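Please see the structure below; I have some questions.
Every chain is named by a letter (A, B, C and D) in the order it is written, and numbering of its residues begins at 1.
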């Protein structure tokens, strides 16, 4: 991916009030594999993110979309919509970065093999934009080796 | 303790917006054993609590005081102000309750043996009101057997 | 949260997305528009003025609806995208696929 | 965050607590008042109008200062406690130990 084409996310993110000495905190959440929970989960994480950022724009939008995508994939592909399987969300509020990790109980996939959804022949496809969007909306994306956990990193300015 | 004399905390606490289906989340935080961190830690937890409650009054006050007391005890008595030792804060945002747990690396104490700070002969003492206040400001207090972890519970209305 | 629709005097069906258009509710949205298409409507305007965010499945449903509507000789326009939503369309190059107006009023002028 | 003090025309030292009075800053607060006591001040008013919360060590420092000031023939008054702070004093029965006025202005009238 071309770094210059990325939305310069970190520029929107201001650190908390000066009083902050940089305590780290981690939020953990489990949800059943049902897409009906995505909205509440995203909302909840967004509200917690707001506890750490002054500038709420990036939180409101980029984080919500990215998290929503990752949750949809974990629920639908990872856990195959099997409600007995859990999706785990972990958000690390660090001194210099925020990491949102979404993991599922599935077998994972190979994220390197995804086609470019902006190619002319794919532009009218209804699918295939999830991981692409995530990569554009956060500063860094990492997968575990198995491919059933995605970590989305936002650097603090 | 006389239940009737307690501040009826739960009455101040309203659940989140109706959209909430009751996802549970847990926040974890570690801090060095230095009282200078208490204010930021309390502030941070309060901000996260606000992500779950509409009514902010109880959060602003009761939770801040109770958490501040528990942190001061963990830092000063539990870890003896040894900065290399950690204090751990865990906040569970449940469907029907919020639990704030503070634990230290010390040997604990026996909370049942504390004298009543409102007794006439103790009224002018500068100390001994911490645990007493915690018990009055939250709905339920539990200690682990060793006495180095305190769990403060607030029930949601 | 939800979708409200009204008919403009010129016969354009305006659908407002109130909240999110994501995997959890896109089916309801799609059905609403398909039903109208079945009922004879041909001109559609989706108004995003009150929309928080859209995910890729929301974008996908717009793509497939747009195609279906064009196949029936109709047209789907989008309006009211804030800066963030516009960025989503630009990143995915879907801004080249849709007629996007600043506001519903603007969109109706050209219909 | 911090403590600001000013002298009223009648000679009362008014100390405002801006933020918290807790274990992390009570020493600074105590020293400020003890220095003034050493410097000859005898009438003190602590104004909590802009105070977020007080912990038990903050209450403790008020108790011990009050005693010290009384021993020197002086007086410590409290004012500006909101409902929450007042509850703390009531729960600990410290409301029986202190002269508490609604506002700094009220406190100064009776001094």
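Following the convention adopted for this analysis, contacts are C-beta pairs under 8 Å (C-beta built on N, C-alpha and C of every residue); 3 or more make two chains touch, one makes a residue touch a chain.
Small disclaimer: the values here were computed from a predicted structure and weren't measured.
Note on connectivity: the fewest chain-to-chain touch steps from subunit A to subunit D number 2.
Common partners of subunit A and subunit C, by the touch rule above, are absent. Greatest Cα centroid separation from subunit A: this falls to D.
Rounded to whole angstrom, the centroid-to-centroid distance between subunit A and subunit B, based on C-alpha atoms, equals 32 Å.
Between the Cα centres of subunit C and subunit D there is a gap of 62 Å. The geometric centre of subunit B is 49 Å away from that of subunit C, both derived from CA atoms. For this pair, subunit B with subunit D, the centres built from the Cα atoms lie 25 Å apart.
Shared interface positions of subunit D, i.e. residues touching 2 or more other chains, are given as 1. The set of subunit B residues that touch two or more partner chains comprises 19, 36, 39. Per the contact rule defined earlier, chains pair up in contact as A-B, A-C, B-D. Chain contact summary for the complex, subunit D toward subunit B: residues 1, 20, 22-24, 52-57, 59-61, 63-64, 67, 84, 87-88, 91-94, 96-97. Interface of subunit B with subunit A (complex): residues 19-21, 23-31, 36-37, 39-41, 43-44, 47-48, 50-52. Residues 7, 35-36, 38-39, 57, 60-62, 64-65, 68-69, 72, 76, 117-118, 123-130, 132-133, 136-137 of subunit B are the ones touching subunit D in the complex.
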